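Below are structures written as structure tokens.
Shared chain: chain A. Partners: chain B in the first complex, chain C in the second.
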Partner chain A sequence: MYDITSVYQAKSVDDAIAALTADPQAVVIAGGTDVLIKIREGKLAGCRLVSIHGLTQELAGVTLAENGDVEIGPLTTFRGCTESPVIQKTVPVLGEAADTAGGPQLRAAGTLGGNLCNGITSADTASTQLAFGAILRVRGPQGVREVPISEWYQGVGKVALAHDELLVKIVIPQSHYRGWSGHYIKYAMRNAMDIATLGVSCLVKLTADKRGVEDLRLAFGVAGPVPMRCLETEQAMVGLPVEEAAEKIGPSALGEVQPRDSWRASRAFRLQLVEELSKRAFVEAVRKGGGAL
Partner chain B sequence: MEVGKSAIRVDAADKVSGGAKYTDDLIPRPHLVAKLLHADIANGVVRAIHTQEAARLPGVVKIVTCFDVPDIQYPTPGHPWSTETAHQDVSDRKLLETRVRYYGDDIAAVVAEDEVSAQRALKAIRVEYEEYEPLLTTQAATAEGARPIHDERPNNVLASMDLRTPMPESDFKTVEDVLACPAYHQFEGHYQTQMVQHCHIEPAVSYAYMEGGKIVVVSSTQIPHIVRRVCGQALGIPWGDIRVIKPYIGGGFGNKQEVLYEPLNAFLTRAVGGRCVKLELTREEVFQNTRSRHAISFDVKAAVDGDGNLMARWVKAVSNQGSYASHGHAIVANAVTGFRQLYLDQLGCHAEACTVYTNLPAPGAMRGYGIPQGDFAGECMMEDIARKFGLDPYEFRLRNIMPLGYVDPFNGITCHSTGLRECMEKGAEFIHWKELREKYQNQTGPVRRGVGMAVFSYKTGVWPISLETASARMVLNQDGSVQLQLGATEIGQGGDTVFSQMAAESIGFPLERVHIVSFQDTDTAPFDTGAYASRQTYVTGMAIKQTGEIFREKLLRYASEMLERPTAELDVRNGEIVDAATGEQVLRMYDLAQESFYSFRRTEHIAAESTHQCKDNTFAFGACFAEVEVDIPLGKVKVLRVVNVHDSGKLINPKLAEAQVHGGMSMGLGYALSEEMKFDAKGRLLNGNLLDYKLPTAMDQPDLTALFVETDDPTGPFGNKALGEPPAIPVAPAVRNAVLHATGVAVNDLPLSPQKLVEKFTQAGLIHNGR
Partner chain C sequence: MEILKCTVNGRPAELGVDPRESLADTLRERLGLTSVKKGCEVGECGACTVLVDGVAIDSCIYLAVWAQGKSILTVEGLRDPDTGELSDIQKAFVEEAAVQCGFCTPGIIMSAVEIVGSGKQYTREELRKLISGHLCRCTGYENILNAVERAVNTAHGFVGKES
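Then we have the complex of A and B:
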């Protein structure tokens, strides 16, 4: 039994924004896989909910825009993302990352928007979206604005979203994914129903002969307080033969990450994972891109 | 023959279709809900509890605090009671405690109309404590000047023991003399196990109400008759004033071989005038407030001669008992006893054990009862000795294992049958032991493979350490079928099915003519102490066999009357009365039953009930072989293949036996690789939920292989021996030994978690990094 004071079922995005504007304490619920847990733990006990769960017409689904951009409705579930033909064709690594979250039940309920809006570092789809440089379209009482995902994370559990705003679209521009291949590794203690000890997403654009790195993206979850990219490493790998990049990427990433010591895993252990998994993710990304390693 | 068949579970259809009723399915509605207030310090005293504000909240019916409960300390373990004071369990717990002994200790309870009202009331209660420093380790609790956790044990030592086997005539007077002798290989080691939990699917749940002046408690328990006794003891009321009902249960694994919250539930219904009160723990509370498996520290020494004979061993085990005695010292005593029994020392064995109170949640019984810990220490030790002195670990074990006819010098338990050697042979063949031991020598590279093994012995039931007794009742139905009533419990292991098979076998009925009453109601069920110690097929089996024979005789006597033929000429076969000589059917059981119920000549409601007091015990055995692949830079162990081979005597139901082994192996893998309860410096459980506590999922399971060596045990009712707990025992040391084989790194404490492995591999120079 959950301690919920009230649930308002929003009829539209505008209606949800109006409801949030009217109630500064209200909490948005979509898939519920985070919010219900917080209510059960007591952190949100007695809360008033504004549910956008039913707004699938406006907010769910993945489409390919005419300009080739991938447009993901934030109510798209993990499973919806994985199974989307558009995702599979354009940014398959995002579908693969989504398929590592929790278990089948969670993936049928949890949403990609929620995975970004909760602002947590271990979110399985966050590092890949960060690597792709997704554009987050946000709507509030004043209208629509666009936030590059690089400016989204403001601190632990804090994102660039006002109380009366909703994330309404995740856009991956065509120029960010065409010619790229990627690989995501979730390192966890179990093969299912687990939270990442470390998540690594590596995207690579190979040279025409498939032997060199033309460009690279390396993003992590749980390597710092929020999902993060290793910009210096990305730069340093550009122009290297893939063999050399494979050797250098791990040690280089170590200089940029800031994992913490916690009872779940030590900093030293996470650093070892950063070094090893950067390499493994890179190697797989190269293979997927047609390179040989 | 009904025994020995892979009969379909008698409860299969109900359980698969969702029709089977568990405690929560049966709760009358409406009912009240109880929630517990847990202390947020680990050591101290409750000075005051302010409940006025909480009591005024809507829906709150009653608040009971630690100042309101009877001043009665009671025991909680599911042991048979003893009429001798010295052998009774330690009584060290009250329904609610003013003396807080662990973080989360129960200090008050709220009864409310619903769960949310109860939760809100808990938040509104204010508590004043006098706080003491938490004593979380056995070292801290036994340090000079440490504050007693229980006044009855001023030094915080619950119990200790010192067992020295009688030494044969030789130059050595003591085990220590042997261990100091330079003529032998000398070995010393230290091994440590962790605290883990059962993780049964169904949480601890009960509901209680009053009827006819009696308190009725319906509970998910392994031990209904013991729950009745303890409820009576805890409330200070006659035991007959309590009635306990046990429906189907969603797993217990020993955690429900403990009287958990049933006494408090009984107290709470009485406090609200007998209205029905439900008390269900959350998963977090199950972790924090119910039992677990003890963390035990082992120091060992051994002396081995040049041929690989174990000359002598010494073990010292220290068990962290946490805040309450529960099963107490019995578990570490079993650990060192099992350590000793598995191998025969040529000269002697010296075992020391002690159990220490600390400010952690109290461990209790969990599948294997100390043997998983003792076997981990013993089988790591055997592997390490073999490695150190260049012995083959398989041959070294084989040379020293318990021989047939072995008699334990302290408790007299005798090895009546053993298939351990054959288990080892079968397991080695399955895994390709020799070939892979050779093949995986001297590997290089980041990913390496290895094979490891471990063996074990396990007694069957608790005799003569404790009482073993069971009763069975059989009642003829009007249609010629039989009703089977037991106090022994089905807890998911398939007990009801094998009991039915044994009843059918002993009467001469087909299985489908046996109707077992699955639920126990202590007002009507025959007495049996319940499901634990892998005892029921053995001890309850004896009661069923004996009662079946009496029942059969009664059928034959009545048939003899009807047919006017001597009973010696008749027999019961396949559910009918037959001519004993020809096997020809002479009377339908249906007709016999009709006559016995409705005859104008002479009615008799044919029934049999008898008690069997078991005064014997026997050893079950087994071996585990595991093949692993270790990803060194990531600290990950992938179990490629794993096989358990068991000698549990004759199998009553081979398919169920196999399923039992699969479940135990899965538990053993979690114990080996990932499971561990973690606490912070305040004694607060950090990972008391199924996300942070790394119970393996279905996706983490390798293919599990279960094989058997069927000896025919002369003491078992049908040649059978223990099987319930054993499958969980040898897996952890086998996996650890396989990792040792793969990497050369010996991990001496459980679990072999990735972070720990990365640390060990780094120390061993297998991981090189620039940091």
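Then we have the complex of A and C:
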């Protein structure tokens, strides 16, 4: 038995928004893999839930829009993301990242939208979505607005989502993924059922001869209070031969991250991970893009 | 109280549930299906794993009211309803001595049901990943992997073929 007062099962997105508008204290629940655990821990005691769990028709699934944009319903589970033919064809690294969260049962329940809306730095799919520059479509009583993921994170567990708004679509524009390859590395103490000590997602766009970096994205989880990109490192790698970029990317990233000491790992260890895993993720991204390293 | 209508182990069920219940609570307390174990109750140990519409989930972090209209399968639904004979997957766990204290067993068997049901053949490494949402503090997992492998092979006639 959970310590909750009520569960309202929304019948549609509009219905959920109306329920949230009517109850300023209500908590949205989707897959439940975060919210129910918080309740179990005694946080959110006595809360009233607005469940969007059943809104799969409106909010789940991955589709390819006519203009080539990848459109991900936020209720898509980690597993649904990994198994989606659209994801595998267009942004396979996101499916690979989703496949590192928790274990199989959790991946069948937890959602990509939840992974963004909880605002947590260790969220396994967040760094890759950040690297792709996803556009987050949000709906509230006043209608729909779009938030670039670069403006999404506002602090630990805080995102640019008002109480009465729902994330209704995650869009990865074609121009953001076409010609790019990527690799995500999760470092944790166990291979399953663990939270990332550090996560790094590296996307690379190679030059026509596959020997140089035309463009780069480098994003981290747990290297700061929220998922973050290393914008200076990304700029600094542009134009370099891949061999040189592989040597420079780690040391450069060190100058931009702010990991902290926590009971999971020390700051010093995380810095070591930033340096080494940036390189490894970059090398693998280059390989996937057809380059040799 | 809310009325929950769903299918449990192949039979239609209609019962009153408290909206605060997890599916694990409902299956254990209201339907007496005690193969569904409550271990960690935060979705880490996998002891409460059941299939909902064919997908293995942790029933401890699944609200009972979400099961409306869905089909739920637990270990109690695996035996032959007429003869009471164990399913091939359960037999594989017996044959491979994959059961020690038994607490994690029903959950792992339900994951095995999904794995076998996929109709695919898996490498040992893939099977390891597929059962990685379960904790077993007795066996060291080797015999469990043997059992899952045996169940897959028995079901699909892969015995003796290279994986």
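Basically, the second predicted complex is superposed on the first by the 293 of 293 C-alpha atoms of A that agree within 3 Å, B and C clash if a C-alpha of one lies under 4 Å from a C-alpha of the other, contacts with A are read in each partner's own complex, and residues count from 1 in each chain.
Quick note on the criterion: contacts are C-beta pairs under 8 Å (C-beta built on N, C-alpha and C of every residue); 3 or more make two chains touch, one makes a residue touch a chain.
Note that the structure is a prediction, hence the values are computed from the model and not measured.
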Contacts of A:276 with chain B and chain C, given as first, second, both or neither: first
Which superposed partner A:264 touches (first chain B, second chain C, both, neither): first
Chain B versus chain C as contact partner of A:193, first or second or both or neither: both
Chain B versus chain C as contact partner of A:154, first or second or both or neither: neither
Chain B versus chain C as contact partner of A:57, first or second or both or neither: neither
Touched partner set for A:251, first chain B, second chain C, both or neither: first
Which of chain B and chain C A:33 touches, first, second, both or neither: second
First, second, both or neither for A:9, with chain B first and chain C second: second
First, second, both or neither for A:103, with chain B first and chain C second: both
Chain C-contacting residues of chain A that also contact chain B: 1-3, 103, 191-193
Touching residues (chain side chain A, partner chain B) in the complex: 1-3, 42, 45-46, 103, 187, 189-195, 197, 251, 254, 263-266, 268-269, 271-273, 275-277
Residues of chain B touching chain A in the complex: 114-116, 119-120, 123, 633-635, 674, 678, 680, 686-687, 690-692, 694, 696-700, 753-755, 758-759, 762, 767, 769-771
Complex interface listing, chain A residues touching chain C: 1-4, 6-7, 9, 29, 32-33, 36-37, 40-41, 51, 53-54, 102-106, 108-109, 191-193
Footprint of chain A on chain C - complex, ascending: 18-22, 25, 41-44, 46, 49, 55-58, 61-63, 65-66, 68, 111, 129-135
